[in-house]
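Below you'll find a set of structures to go through.
Both complexes shown next keep chain A, but they swap its partner, so chain B is in the first and chain C is in the second.
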Partner chain A sequence: MTVAAAIRERDVSQLPGKRDEDWRWTDLRGLIRQAPEPSAVIDPGSLGSGPFDALAEDVIVVANGRGAAHIGVEPGETKVVALRVVSRGDGAHAARVSIDVETGGRLVLLETYEGDAGGYLGQVGLLISVAENAAIERVVLASDGAEGVTVSEALVELSPGAAFAQTVLTSGARRQRLQTTVRHPGGHAALRLDGVYLLADKRHADLTTVVTHAALHGATEQLTKGVVRDQARGVFQGRIVVAEGADHTDARMGHHALILSDRAEVDAKPELEIYADDVSCAHGNTVGALDDEALFYARQRGIPEPEARAMLTEAFIGEVVDRIVHEPAREIARAWAAEQLRA
Partner chain B sequence: MAAVKQTVEHVASLEKYKHGFVTDIEQDFAPKGLNADTVRFISAKKNEPEWMLQWRLEAFERWLALDEPDWAKVSFPPIDYQDSYYYAAPKEKTGPKSLDEVDPDLLETYKKLGIPLREQEVLAGVVGAPKYAVDAVFDSVSVVTTFKKELAQVGVIFCSMSEAIREYPELVKQYLGTVVPVSDNYFACLNAAVFSDGSFVYVPPGVRCPMELSTYFRINAENSGQFERTLIIADKGAYVSYLEGCTAPMRDENQLHAAVVELVVLDDAEIKYSTVQNWYPGDPETGKGGIYNFVTKRADCRGDRSKVSWTQVETGSSITWKYPSCVLRGEGSSGEFYSIAITNGRQQADTGTKMIHLGANTRSRIISKGISAGRSSNTYRGLVSAHPKAKGARNFTQCDSLLIGKHCAAHTVPYIEARNGQSKFEHEATTTRLSEDQLFYAMQRGLTQEEAVQLLVNGFVKDVLQELPMEFAVEAQKLVAISLEGSVG
Partner chain C sequence: MLSVSNLHATVDEKEILKGLSLEVPAGEVHAIMGPNGAGKSTLSYVLTGRSGYEVTAGSATLDGEDLLALEPNERAAKGVFLSFQYPLEIPGVPALTFIRTALNAQRKARGEAEITAPEFLKLARQKAGELKIDFEMLKRALNVGFSGGEKKRMEILQMAMLSPRFLILDETDSGLDIDALRIVADGVNALRSPDRGMLVITHYQRLLDYIKPDRVHVLSAGRIVASGGPELALELEREGYDKYARAAA
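So, the complex of A and B:
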């Protein structure tokens, strides 16, 4: 985790830049020339409540890199936990959180990134382990500030028979990377990695996933959708690796983006790296504008153009949001997405 | 028999012109290793004008400052650039009086190269032979060029690069290095410094080239890198179809091949460039001895409504590093890329295309079919990008990979960069293995396993095969079958 090291050692030369293949579209080295001061300590009590507080049994706050470092779920236990990663001010901070769900446990992890108007540099590393027959549903709402830089790196260790489902929704930041790396053991473990990015102004968001299928019988399902406006830039990088011997792997990846202005940008790299022959892997990628015919249809029926556009983009994103299983979280995510689109 | 005489005389004149010195074999090689003197030697050997030498020397200087790229998914022992010959001409014999006197080895090689019978007839001067232009690059120097007059009648220039530098310096100066700049990449830069020979084609405005132009490349001299440089210019409203095919004999040492192909397409012009590449892939067990094919191919669609179509069948080489690209600059210009890449044994291929949309309403289409068998690795790597000014840019990409066997690898690495709100990019990719049901069905109907695999694979690559010119399509279909021999069972 070079970003974490760069922050802890205050050494900007360790930041990844555009010459690093995996960071070519999210250049941190070119952006941050000087190591920022460490962030100030903030009182968690002063933060108010987070979007998911009402749904959760436990609310865990990591403010400017400080706070709880572990979330545990006992065997057979079911829990809903809200994890708030809060950044305030101009400094730099890094944090590490480990999440363990033991055999047969169930966790709904409702994660939020909350930033203010400061020019902070925040990093969080999550180590998530899902034991046999355990399940996690992770819903992430990233509402960073326009000047903030956030890097979230989650490493997920799945056990055979486990299930991990994730939906990341973001409105971007000055620069933002939300990365998920999954070690998939096969063994009928199920994985879903979804994402939504809704970007305006000069915001940037990078959703990167790396899934490595190590053994027989693994399944991965991915769907990411994005809408970019103004001069925003959306990045999607998805890599699926199927190791030698990981036969009977079934992996699907989709990425679809709408560009709603002439100066916005979408960069995508959906990768397949396959070393086994009895597999079925596919990816699809589309980038384009709203369908003129659909717009025309809506307007013809008396819906004003701005509203028609909003309806069509909401429907476009809706397909991803609908896949969130936890219903109250899904409705909060839906309302959040609608708010971003109508802003 | 006029044609025979003409051909023979032409051969004689070419040979005399280039090697009219002694028959000392030693003289036909540049000393091993690469330095500014090697570059001067090559340039002097080819009687090049001063500006060409300067161009080469400048490229050499820049090459020294570059690093060999390492991002491709291929691995090979480091290349010692000082342990290679950079110039080798065919063995000289004093000008043959007739074709019978042409080195029988040479004729035998043409036979092995699989030059179609019709072309052999052409070379033999049979009356009524079909019109077919062959510019055979035999170990760095063009030996035989036919039908030049026929082409000259319509104003098409088709000759070796060395000849173009002497005869058409203005055209060469105007276009050489404008599509692939001297220091574009490590291998292109090396090529610019030491390029041996290649083809030069100029099709004047409004001319539809009356025949398909074809070149057979062949690496022959042991331990000699081959650095072809090809430049094709289609002036306004012109059309040309160019075929390139390659084979190579067995070798023990790895041979480096770093070619550069530049296509310039002006308003309303079209170039169709087809390649069948079947170089020695190395020992199937160890991978030893195969050709390293590090090629830079790029087309510049400068004119409005210009069009380029790349079709490639890549079955050979130990390592392939090749991305035929289109820079779609002109308004409404379009680029196509159809590719079949087959790897078997220990082969490694990292190939694909770049479609760079710069102009408005530009269109591109990519169909890539990769097949890996044995212990090989096959990567599709492609870029589709749209500049903010490329309003209405449109791309469709389909890349499918087929895996045969437990130890091969197939990768797909597409890059998509969309920088405006009015372009539309679609990309789909699949990776699967040969369907057992289909195999069973075919075998149940009496086909052997090998025949069934050939049938299914040919179906898999059909979309690309049908883009090849007729002569190549037949050859390519056979090649697909040969390449996969022994991969099942």
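So, the complex of A and C:
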């Protein structure tokens, strides 16, 4: 039962829904009652450029589920690649992308989800493998349309000594799930999974991560922050499993959200499942409003309320954005976040 | 300059200010002294427009302009500056960014051109030097991890850079050691001028050794119950507030 199979087989009964524990806040079966037609074929040449094109050596476009399906980085090679996942019009599409970074290779993956006003249902599955001493920094900007439904499912296989760092930023969609599952082998492999959701109107975003630490000496660091207003809904599910024998695991998870209206909602489920004895694991979760005292302080200095709110919320999100290592991508992400917050 | 007449204000429906009247002419420094709970901080918040402080009667004007009708940021643009008793920490916003945003917002509200980046940095370096603030500190998030004395100096720095017309100092001496107090007082005194007014709110006389007031008012139970020259502050230091607390009751 997967979203990809539901789309390929045009069988809505395979969509996950609220009775599936991991999907209870992102109910697709209740939303999509009829199998959509397959999406139209679109000409990638008609799409214009993407937010990260200028930073990348290669730009790979997957448009309505069609396009190149493999990104490879050879041993010792360093690459910056833009991956654009584009959805246009109504209809359903699914795609697979595999990404392999070989020993000692370095990849900066700048991934975007770009939707239009259509009522599409798009799914993409990414199989990411990071070999020994290889590294990936993945930065995702998800700019879906208000009527779109997007599911992105990344499966990351880390090798000992590898590093995988990601920052997912999203403005949500009609319904949207951005999921990352990591098989962590320990062995001093390093993992950072960060997220930012900035949601307005009736938009929905679900950032779900599952990390399984299988053996000794693994590190995981997670920081997700969200800002929701109007009737938007943010979902954060973070699970870290430390298997028996995966001692000396160091895992930290933080999720912090600002709710800026009475009708907005945040659902959060941080989970640590620990079956090893000698580990260092911590999680923190806060949901609240903007600090009235800080707001008054800024206004007393002459900053009008909307600008003061924007400044404080940008600063709140800034802590996550600052952790993006690739500087030009970081500044594009920062500008994108500011634009969402000031819209 | 500042004219407060028969001001009544409530917090959570409890009346704190009960008919407060006060005139601070341009060029003068007035001190407000009073026991804890007299309404000193309430007065500073009512004058600056903090939400939760409701004015039920009376008026407050600056050069004839009704302050109470304005938003907090509009009052700031008119030149009202409050140095907070407990300055807020603003995570993620460097002090320089915060001050420049405030300065440009005020300029914009007054129909003036924005300050250019080089002009701003020059001004910041100069004022920071005068207040013995390490310029590197201005690149850090405003007040985050700063000591009490550093926060107060940062208030005076903002004051010096925003160049307000009317200054309200709320317990600016609290948390300061004697060296910091001297630096802060020097910074405030440098802003004394014939077209500026100041209201210095304090519990203790100590600050007034460094910032010499023209007039001293005693605030007790929500009203000014006595006014006099600087000698009144010395009398309060000697004899305490008891007499005035009884007078107010």
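Going forward, the second predicted complex is superposed on the first by the 342 of 343 C-alpha atoms of A that agree within 3 Å, B and C clash if a C-alpha of one lies under 4 Å from a C-alpha of the other, contacts with A are read in each partner's own complex, and residues count from 1 in each chain.
Note that in this section a residue touches a chain if its C-beta (ideal position, glycine included) is under 8 Å from a C-beta of that chain, and two chains touch if they have at least 3 such contacts.
The structure displayed is predicted, hence computed values, not measured ones.
Partners chain B and chain C fit side by side in the overlay (superposition on chain A).
By the touch criterion stated above, A:Ile259 is placed in contact with chain B alone, chain C being left untouched. Once the two complexes are laid over each other on the shared chain, residue contacts for A:Ala268 go to chain B alone; chain C is not touched. More residues of chain A are touched by B (comparison of chain B with chain C). Once the two complexes are overlaid on the shared chain, A:Glu319 sits against chain C while remaining clear of chain B. Between the C-alpha centres of chain B and chain C, as viewed from that of chain A, the superposed structures give an angle of 80°, to the nearest 10.
Once both structures are overlaid on their shared chain A, chain B and chain C have a minimum Cα-Cα separation of 15 Å.
Once both structures are placed on chain A, no chain A residue is touched by chain B and, in the other complex, by chain C.
Contact residues of chain B toward chain A in the complex are 71, 388, 391, 401, 403-433. Interface residues of chain A facing chain B in the complex, by the touch rule stated above, are 21, 244-245, 257, 259-289. Taken in their complex, chain C has these residues touching chain A: 48-51, 71-73, 75-77, 81-82, 84, 87-93, 98-99, 101-103, 105-106, 109, 141, 158, 162. Residues 291-294, 296-305, 307-308, 311-312, 314-316, 318-319 of chain A are the ones that touch chain C when the two sit in their complex.
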